[in-house]
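These are the structures, in structure tokens.
Okay, so chain A shows up in both of these, paired with chain B first and chain C after.
Let's look at the complex of A and B:
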């Protein structure tokens, strides 16, 4: 990190005033309090403190309170909110659903992201166009992606049913969403994977582009097959990028909301934990329990992210 | 050897193209058909008689739904543009201070910014709702924009801090020597040099804002502030709405971000890489 003090920039030798006066000037400047940096960071600080740190503290503290705006007063209830969460069947099924979302989403987006990054690793004609195509799903709103994909999964007019029927894989139209739990979750998670994989691919690609080309040349001269080059050079040296990609996938999948909300509504077959937070807080108006669930999701997200970093991240130097 | 590698690459190129484009093609295909054609089995993989009637209905139709689409389009433009301008301005000022000036409290403040990036956005959903309620800002542009800015500032500051730290310092020193004060150095020297970083930050912020759903779902209660994403999700819930019209609305809602992604993707890539690695 390069930092310097503009105040201390050396004046050009030609304009240096006589010895004594220069010293007093410098001293006076040093004693004067420098307001400028504080002016520059004040707006940011107000936003961070007022709309991020204070609300986050609120979530932590009030998860131990009973907070129901329609039924005051608010009072301290210890672990009661958490106890109610753990005795709630809807929460139990959402924990399972969310675990499946994370498992499918992180695995698929990482594998596909690595495959896409390897495709884009070396320059070829049309590579920048392909990157534009790759990035497209990342840039679109999750809700609208849900609607786009509902045209594929739909049981009456969907593309998949039509395709599978004309290929004679199935003899009548199937219902993909809302009946079989694992199938529903896999179908919904695929929509999210579609959205988050581009970022995974870009992060892995950035790591791949740091790998010196002569490593590959040496390996091929030594007679390595493409697969063993991938196993022994590409994969280990891309670990920092893969770790970051997996962390962003963990955060996205553990907090999934838009896709199941649009594709499956409130149905318990696929409701995620973030959806439960929304229902508890804004439909049942039980803010205390909502706080407790938000806090749990946050803690789990941080813990799983840290675990992934510990497991996957290895510093790489060239 | 070479041949086998290019064969693998060709498969990769084919897969990426199909993966990214096929779902969008299907929505476009549906939106160009009449509702009767959408219902046919097997489905039409090309619109038999391409029609823009769904789009015409969205943009100029008189119904309640069409009015909602148009109003929420105006809302999403207003909210995303103002949130982007405010975020980029504030993060540029702060990033310059963090990257170039030593001051007391700099480290702790910078770590606070990074810390807020570490926890998921929805952690603060309920308290933000209650804070906005207290100040009467629920269902106002101001409320939504404040929340967006607070959510996007940390990443924007981080991207711009990394970008500015990588700029050569000699030019700024030369400006200082020539008698420019620090605000002049920022305005005339740093801003032009940091322009690619600022453009990246603005594009990423705008796309994030455009994609928001749960926050505006909670923070806006009617059409005076609801963005397009919330209105389209509500459309999906009502089964009376023809699927061809819904697809047209979907294509309409992704038009702007898709165009940005396709034309300005190199800024997005560099911004995301600066923001995530390091």
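Let's look at the complex of A and C:
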């Protein structure tokens, strides 16, 4: 019996209480509240509140304070931190760099992710091995990938230069990183795309697996070409998965740090906004400004993600 | 009803305690600096030492433990991450190590923030000073906040074989002769790119500029932190122009735009790609260029008295020190370790005097004059006499009054703008102007 049923239950027939004890028992049962789910969830809730929500609230509050160990005490400064950020040329440059990272990264990882997912949609020999190999870049930390790729992009001794000169495509070694802004950002973002595309592929693949096979059968019977099937059935029905993949790509690219830091150092050519947060907080020791920039990055990430969901996500029913 | 209510309350209480214990455990930390009874106890203590290098040989650490009763847990963290860790731990008043790195460039900042114990509380720093010429680099307002554990200063290295191939029989002593010789090496086809400058936007570019400025006869900042390089005929301006012109005129490999001072720069020299590094690191000849496993130019590279304006110039010091963070759990034990780690005997052993079993990987040059003398006398330090002479006579701190507290932000302005000038995205004049604006802003406290 549920609590509601108990609440409305009539006392058992033939048991009219002379002293009301049976009714009292029913009323006690009516008041039972199931604590167990709340007890079980409490530790995790406290963990999340303690390690995520409280620090996030602290960040928001402190972003309106001057927090500099070299200039104590901490004091309220209103929007001063934000004002200084908007007047900082290094921040302006990083905004442009980060926008390019997002544009290149989200576009490439989504397109490649969809292509990989469509390829893996149907069973074939070696499919599971291929999935395992494709997922490998996702398992590697960004710093490790940066170090690996620095050996490929290196302008003096890199593998790519060596390959291109031995194939006579170029007659002398080229500078891929640091000289030209767009080329540098593209080269760095390729490394991150290599890392995040496997996750995009898996998310889209999961969506594709839900599409009933008889839709494809019907389409082929009706004479649809593979491209037409892809455009009219696969893509629309995979939109929920594609939207999630794009959101995770937006989050990853907007917060890029490891790859540009390892591959290009602190050079303004390709420094991202998250790198600026690091420099401001841990080199300048200006934590108030660092909090403010972190807050701005979070707000922008949220806004762009919501925009992507609005544009791409559609509910799908089979 | 009463028993049911009690049971529910009990379950909630247990869950609450379990949650709180999780949070307390995850938040716990911080040895605090005021445990006076703990400070006095050293024997039986366990300390954590965090540096950016591998530990001394196990036998050496075991011998230290046996003689003092102090157990050492060593953590190897790369330099950049270590600086972040030091700042994060100190700001959060959290313990992470009992002894850790103090870079010469951070002395001003760390001293102002009072993040490290004054070493004169634990060691006889006055008598150390006579044997450690670089100790003043770790002194701020009369307090010694760290003890240098190696001798690092910037030196010029040349591949004498490549110089000889180009017909250069007398080594240059002035910047003008040095530049002329490099152009001759290039013109004769001996080395396509004879000069090594690490133009990656990293600290090594800043220190290279400081060394070049000193060679041009100048300084970077005055005692008040004001820039000394703003006019086009100032040494610092000329040094920046010289460096940028070198890559524009093909004396420096174009790929050096992304080469940092550590692995990248040294590899180019060790593989004979370049003929000279104007601001190289002391000890590299014996520890890297003359080691067959890592070099193809064995016995070809030697130290050169750094060319200056009218003759040999100054060498800039950039030593590493070890100090005790305020959050250390056992500062007294840490001090004992530092005393042992920086002792003349230990330093000589680490550098190879007592054989390979006691060598500490990556340790090249003792911070003590007596240590360098011992290595030179035993013939185990290549170029030892020359290095010893430089250390005594020409090695000077970059900032005689000590690195300012705002040094990290200033250095970032230096290396990002010089890097941009080298890529051609800004002129040297604009780069110098941007650096000067940052120095003026920081020195005026805004």
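Please note the rule applied: the second predicted complex is superposed on the first by the 278 of 318 C-alpha atoms of A that agree within 3 Å, B and C clash if a C-alpha of one lies under 4 Å from a C-alpha of the other, contacts with A are read in each partner's own complex, and residues count from 1 in each chain.
The criterion applied here is as follows: a contact is a pair of C-beta atoms (placed from the backbone, for glycine too) under 8 Å apart; a residue touches a chain by one contact, two chains touch by 3 or more.
Remember, it's a predicted structure, so these values are computed and weren't measured experimentally.
A.B. asks: When the two structures are superposed on chain A, do chain B and chain C clash or fit side by side?
C.D. replies: clash
A.B. asks: Hey, is it chain B or chain C that touches more of chain A?
C.D. replies: B
A.B. asks: With both complexes superposed on chain A, which partner does A:125 reach: first (chain B), second (chain C), both or neither?
C.D. replies: Once the two structures are laid over each other on A, A:125 reaches no partner at all.
A.B. asks: Which partner does A:48 reach: the first (chain B), the second (chain C), both, or neither?
C.D. replies: In the superposed model, A:48 contacts chain B only, not chain C.
A.B. asks: With both complexes superposed on chain A, which partner does A:175 reach: first (chain B), second (chain C), both or neither?
C.D. replies: In the superposition, A:175 contacts chain C only.
A.B. asks: Of the partners chain B and chain C, which touch A:167 in the superposed model: first, second, both, neither?
C.D. replies: neither
A.B. asks: Report for A:297: first if it touches chain B alone, second if chain C alone, otherwise both or neither.
C.D. replies: After superposing on A, A:297 lies in contact with chain B but is clear of chain C.
A.B. asks: Kindly classify A:136 by the partners it touches after superposition: chain B alone (first), chain C alone (second), both, or neither?
C.D. replies: first
A.B. asks: Taking the superposition as given, does A:157 touch the first partner, chain B, the second, chain C, both, or neither?
C.D. replies: Once the two structures are laid over each other on A, A:157 reaches both partners.
A.B. asks: Pick one for A:116: touches chain B only (first), chain C only (second), both, or neither.
C.D. replies: first
A.B. asks: Output check: A:287 vs chain B and chain C. Expected answer is one of first, second, both, neither. What do you get?
C.D. replies: both
A.B. asks: Both chain B and chain C contact which residues of chain A?
C.D. replies: In chain A, positions 36, 40, 43, 47, 50-51, 154, 156-157, 173, 265, 278, 282, 287 sit in both the chain B and chain C interfaces.
A.B. asks: In the complex of these two chains, what residues of chain C are touching chain A?
C.D. replies: 1, 8, 11-12, 15-16, 18-20, 22-23, 26-27, 83-84, 87-88, 90-91, 109, 112-113, 199-202, 253-260, 264, 267-268, 273, 405-406, 408-409, 412, 415-416, 419-420, 423, 425, 445
A.B. asks: Which residues, counting only chain A, touch chain B once they are in their complex?
C.D. replies: 1-6, 9-12, 34, 36-38, 40-41, 43-45, 47-56, 58-59, 62, 112, 115-116, 118-120, 124, 126, 128, 130-152, 154, 156-159, 162, 165-166, 173, 194, 197-199, 202-203, 206-207, 220, 226, 240-241, 244, 248, 251, 254-255, 257-258, 261-262, 265, 274, 277-278, 281-282, 287, 290-291, 294-295, 297-298, 301-302, 305
A.B. asks: Which residues of chain A touch chain C in the complex?
C.D. replies: Residues 28, 35-36, 39-40, 42-43, 46-47, 50-51, 69-71, 90, 154-157, 173, 175, 177-179, 181, 263-269, 278-279, 282-285, 287 of chain A touch chain C in their complex.
A.B. asks: Considering the complex alone, what residue numbers of chain B touch chain A?
C.D. replies: Interface residues on the chain B side: 1, 4-5, 8-9, 12-13, 15-17, 19-21, 23-24, 26-27, 30, 38-39, 41-43, 45, 90-91, 93-94, 96-103, 106, 109, 112-113, 116, 118-131, 146-147, 149-150, 153-154, 157, 165, 169, 172-173, 176-177, 182-183, 185, 207, 210-214, 217-218, 229-230, 232-233, 236-237, 243, 246-247, 249-250, 253-254, 257-258, 260-262, 265-266, 268-269, 272-273, 276-277.
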